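One structure is given below, represented as structure tokens, and several questions about it will come after.
The chains carry the letters A, B, C, D and E, assigned in the order they are written, with residues numbered from 1 in each.
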Amino acid sequence: MDVIIGQLATGLSIGSILLLAALGLSLTFGQMGVINMAHGEFIMAGCYTAYVIQQFVAASGAGLAISLAAGFVVGGILGVILEVLLIRRLYARPLDTLLVTFGVGLVLQQVARDIWGAPAVNVEVPAFLRGNLVLFGASVPYTRVFIFLLAIACVAALMAAMRFTPMGRRIRAVTLNRDLAESSGINSRRSDLTTFFIGSGLAGVAGVALTLIGSTSPTIGQSYLIDAFLVVVVGGLGQLRGAVIAAFALGILNSFFEYSTTASVAKVLVFVTIIVFLQIRPQGLFAVKTRSLA
Amino acid sequence: MSALLTMSGVRAGYGGSEVLHGIDLEVPAGGVAAVLGHNGAGKTTLLRAAVGLLPCKAGRITFDGREITGLKPHARVAMGIGYVPQGQQSFTQLTTAENLRVVADGRKGGKALIDESLDLFPALKELLDRKAGLLSGGQRQQLAIARALITEPRLLVLDEPTEGIQPNVVAEIERIIVDLASRGDLSVLLVEQHVGFSLRASDVYYVVESGRVTHSGASDDTATHEVASALAI
Amino acid sequence: GNRTSDTAAASAESCVDTSGDTIKIGSLHSLSGTMAISERTVRDSVALAVEQINADGGVMGKQIETVVEDGASDPAVFAEKAQKLITSDCVAAIFGGWTSSSRKAMLPVVEDANALLYYPVQYEGLESSPNIFYTGATTNQQIVPGLEYLKEQGVESMYLVGSDYVFPQTANRVIKAWAEANDVEILGEDYTPLGSTDFSTIVNKVRTADPDAVFNTLNGDSNVAFFREYTNAGLTAENTPVISVSIAEEEVQGIGAANIEGQLTSWNYYQTIDSPENTSFVEAFKAKYGDDRVTSDPMEAAYTSLFLWKNTVEKAGSFDVAEIQENAGGVSFDAPEGTVTINGDNNHISKTALVGEIRPDGLIYEVWSSGEPIEPDPFLEGYDWAGDLSGN
Amino acid sequence: MTPTAVATGARTGRTYLEVRGLTVTFDGFRAVDGVDLTLIQGDLKFLIGPNGAGKTTVVDAITGLVPATGTVDKTGQPVLGMKTHKIARMGIGRTFQTASIFEDLTVEQNLDIAAGSGRGWLTLLRRRRGRATVVAEALETIGLEHLASTKAGVLAHGQKQWLEIGMLLVQDSDVMLLDEPVAGMGAEERKATGELLQRIAAERTVVVVEHDMDFMRDFATSVTVLAAGKVLAEGTVSEIQADPKVQQVYLGTAAATGTELETGTELEKESGE
Amino acid sequence: MTTEGERPRWVFWAALAVAAILIFGVAPLLLSEFRLNLLAKFFCFGIVASGIGLAWGRGGMLTLGQGVYFGVGAYAMAMYLKLADARDRGGPDALPDFMQIAGMRSLPGYWEPFASPVFALAVILLLPPLLAFGFGYLVFNRKVKGAYFAILSQALAAAAAIFLVSRPELGGSNGLNRFTGFFGFALSDPANRQMLYFITGGALIGVVLLVRQFMQSRFGELLVAVRDQEERVRFLGYDPALVKSLAYAVAAFAAGIAGALFVPIVGIISPSAIGIAPSIAFLIGVAIGGRATLLGPVLGAIGVAWAQTTFSEAYPSQWTYLQGVLFIVVVGFLPGGLASLFVIRRRRASTESGRATPAGTGSTTTEETS
């Protein structure tokens, strides 16, 4: 029983990390159809933002809050730069954005290496997040509790923004039909930039949060990227609630597989499960309903 | 009547190929201009150039005396050009209500504008919560016109607005267009295959063939025969 | 027996040019890809050694010229580049490699060409080639002493955590064999994929098993995530110490001293070793690369490799591979880690084992020493409990 | 299945398509609600009805694009529940409300592909040499010979519609379901298309979904009116036009419709000459 | 065809003849043994690229996991070579050296049949396409495509690499290496190595011809149709999943052969050759050369591999930048690859003449009605 609760807690925690990493993608990939492989590097940029901020503000609640805000802005700005310089030209060629942004990712990794060196750097965990919470006999580090809450908060904010604000409607309209949006009076460029800013900013936030539990090194983004994409795929394109469920489902699945086999086998099993799942629900948990043939 | 929209010497096309070879056209202020022509003549292309979805390679477009040749579509919408594209387009993943609101957002009296347009197309009231992508073709077309009206256009650009619409609604659309135009504050640039409809609704007509205006004139009694013979060639 | 390779390639004609007043060596490391993190530091210490030797008059009067190549963290590239260094650049010896897979990839190349490779990293043992000099530790010089230290401290049960690849898998086989013979209970054995960053499941398992100590063979960035999770879960050096064999000074910086303070490592070298040789090595290194840089075991071993090669060449009076193989046995060097001597039977070197403790300044301090150099025993033939390990 | 339809089909050896109780539900909403249709070879059947009545959905259901309940029978073979491509191979072809062709291929390649679903793998793996007779005939029929090696993507709207019809022709479908085939076409093109359909319908079962009443009047041999997912009326053109229910939900007030239709007809007649 | 245009067919055969002369005549004369071996390795990448050109360029399936099929071919070959070496030295019960080191006592059951060269060859030739067909059909049949497919194929590569690293009986992270013989020929003999080069050159030409047949046949047209309008193809009576799976299987077939040849040429196969990074690296060459063309991917792959070797010799640590920049520039700004520079010129000429008489629908209908 303890084991089950422990693994459930672990799964939720893994899930919230996946969710945080995938949330930005569900905007840029899910909404705009841009397969941004540099998303991992935006996460990395968030990690290093936390590292840099720490040079000025000691690890503390305030420091973390500043880092989260700064991470959002840094990620967002990187995203906007990427959009303006490259992605703008590629909306009609989604698969090509994948390769182009892969190249961008390589370059960003190398830039990080040249600035901060290849070895990992250390970001301190603020004192109030040290230690762990004991829940039904299972122990969950406070850092993970914090990430869980942060992920939920981000999802809620994003969902509300997409559904209830004019900005959210505009973003969805533009991603659905650019020409029609433009000729309905929506400034599609501004909407693209907003979308990319938020999506990439969320990657930055994820990066800051991840420094609480993992390493900060130039290649850190890569370790989350594929899983994050799988979350979006399983959740269903452009479906935030799908991403939420998928992230937690994959997290829990992973934690139980890992407990009963090994981490390597668990990875393989999760992949097999996804393929099987797609046999049942090829469009992901929440399929986009269209009548078109696209 | 002075011209609200003028296109002079407009050349435009897709990629390397030119489709419009120098179009001259005027939409009278408060009037309706109809564009007629065979399939592939370049009517849609002409409208896309007028609303800014296709850049002009040469020529000028002015709206209300101001040059708009290089403006983006959304900027033209802000100036008062509303567009209903061919093919019953809508934001498929947004509900009918959201399709209307996304356009009304940020406009003064947006809510009232929505209500007004729903009064024109009562069928949409039943469908407010359905995703536009799930509507039937005709339902989507009604939605498209409603959406364009919310932008409070002074010029409404319509590309085959009755294509795929049930006859009684076609009649209704025709009535609405004529009504709106006759209020004096709305001009219309209309592309339509139904010659009768077009000429009844319009003040002037243009026949486009192979990217050029070959005939034009006032849509009076003689126009019917002019157009018929022009299109029969 | 598989201990010596029988491909003593006689065929390959060496193209090494010894006529001029320079002699070429190859410096082959991953400068790109995942392993670049670690291997660049080794390139740096090789360069330092070359600089010092050249300043000191070179090898047999010849200045060393270094050809640097990138193994790109890909064993196939290591094989290709080794071939290129040998046949196109005609280097007298190659220094480099880090992962066992890079070494295994280069092994047939150097054997076929009858060339030399100096490999500076601790590894899982069970190998010996006449064309490779192993200047890092084999298991009986690092893992076994670490285990013995734990036993001395009264450890009766252990949990094994490692990355899922050859080195940890083999190391853990050694550990399990030793544990069985020494009545230490192994409470669990878990592996995570290289680069893995989620240790909540494993740390939960460790907590539940409650061992006296954890033996850690994780590699690279995984250590950061592991120790953070470990600390956050309330496990400490006091209640459950961890001994690691792949965490050196460089890695401690990234993990954050606070997360790993008080934990143990087992190596043959620490930057804090108090000896004239080490002081001058550390000073020279920092002078060349900056004060914020640290020195570590593989770097020191690579540095030492150059001097061992030089001493062997000068003893043999020749750059010829056969002469070097002939004369290598007994060649020694007063290295920063202490005196090391080449074992002519297995081409490994004798090394002093040191268990160290990580302190808040991020450096590692010796808490136990084997006192004198331990003879290399890559096949653990001198250990009864290891009889079964290599399959024959 | 009604005995009459089977009897007719069996007796004459013609193909028929028998739809019984066809129902399509989307999240609880019945878009098509117990529709019965009997289509017999030689009949040029028009399916009309208000926007959203479920016409396209009926076509979608028959061709396997949306799941449906009820039965669909083609000359004795059950259709519902089969995969789309299998249904197509049974000879049930369709066009789409918005033309969907292969824009990156030439007109001829489009037709060649449509002609080839029955080809074996070996034929497929060989290079296309010359022009198959069916393709040549279809090119002539749809009048796109001069554009045979043009990329289909640059065709105008109407030309794309013809290409779609051409693809059905070469596909040798004996049941053709055409969703608004003349939408966006000019008067002459409509007429030409209509005549084309008339010729085609002699040997096949053709169903046309349309809103163009002139077009219907000129070419329909029978009409079914759908409204709110149900069959509202069935009969000849004049029966349907006279039906007050149909006028109310679809055609509009007799007066308004009359003017529209008459003016239109006159015009088109004139322009056709 | 989409980009092949109406170029006369003799141009292809002439190009092929020139290529054959270069490969079989000129290169062996000019290059050192080491460089010739390198060239053989590049050919392996060219073979993979050729298949990717079909699946991605023509079929629109961006496959980010070709390393998996490359790996299957390579491991099958390596298992055979390891067993043959072991049995050569130690008799029929001998274990490969690395297994002894890993403490294994007996051969895992699934290794047994790899003692037979026929079995190993059959696996090399059949398993990659069968696996690809199976995986492809499962995925395509459920209409998973585009980015979804790309991401799944990438996850497949990641999972395969992680799995292999963890399997000691396949050499784990070290992979399989130290091969001495190749079907009875000593790999250390320069003459045999040259023969290996010739075999690889021949395989390259063979694969190019095979892919050409697929591209230029009706199947090739159908593939483009499926790429652009998958659903529509369904209504024509084809099963698009079958069409795509077949093209994907051909690409896997090519990758498997390349992997098998890679092993004796390079002397090692390890998980690092089949993970995400190498799988994506295969794509650069394809993109640069021109993904939708026949020869573009092959030339691109060989060119990129050559550039990587040369560049990394001169500026070892800068390759990462260059690789990144190549992706950005070529895919972002020259999507047709270098080949498009030629094609664009040709197409411009042809469209201009085509447009001279804009679609004359009027006249067509008149004929129709009369």
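Keep in mind that, in the parts below, a contact is a pair of C-beta atoms (placed from the backbone, for glycine too) under 8 Å apart; a residue touches a chain by one contact, two chains touch by 3 or more.
Predicted, not measured: the structure shown is a model, and the values here were computed from it.
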Required steps from chain C to chain D (each step between touching chains, minimum): 2
Contact clusters after notional removal of chain D: one piece
Between chain B and chain C, the fewest steps along chains that touch one another: 2
Chain at maximum distance from chain B, centres defined as averaged CA atoms: C
Taking each chain's C-alpha mean as its centre, the one farthest from chain A: D
Chain B and chain D: spacing of chain centres that average the CA atoms, whole Å: 29
Inter-centroid spacing, chain E versus chain A (mean Cα positions, whole Å): 32
Geometric centre distance via CA averages, chain C-chain A, whole Å: 37
Centre-to-centre distance between chain B and chain A (centres being mean Cα positions), rounded to whole Å: 42
Residue list for chain C, restricted to those that touch at least two other chains: 36, 164, 191, 193
Multi-chain contact sites of chain B, meaning residues that touch two or more partners: 17, 38-40, 134
Chain E: positions in contact with at least two other chains: 162, 165-166, 229, 231-232, 320, 359, 361-362
In the complex with chain B, residue positions of chain D that touch it: 26, 49-56, 97-98, 154-159, 180, 183-189, 211, 213, 249-253, 256-257, 260, 263-264, 266-268, 270-273
Chain B-touching residues of chain A, taken from the complex the two chains share: 166, 169-170, 172-173, 176-177, 179-189, 238, 288-292
Residue ranges of chain A in contact with chain E within the complex: 29, 33, 35, 86, 89-90, 93-96, 98-100, 102-107, 109-110, 226, 229-230, 233, 237, 262, 264-265, 267-268, 271, 274-275, 278-279, 282-283, 293-294
Chain D-touching residues of chain E, taken from the complex the two chains share: 2, 213-214, 216-219, 221-222, 224-225, 227-229, 231-240, 354, 359-362, 364-369
Residues of chain A that touch chain C when the two form their complex: 2-3, 6-7, 10, 13-14, 17, 113, 118-125, 130-132, 138-139, 141-144, 212-217, 219-220, 222-224, 255, 258-259, 262-264, 267
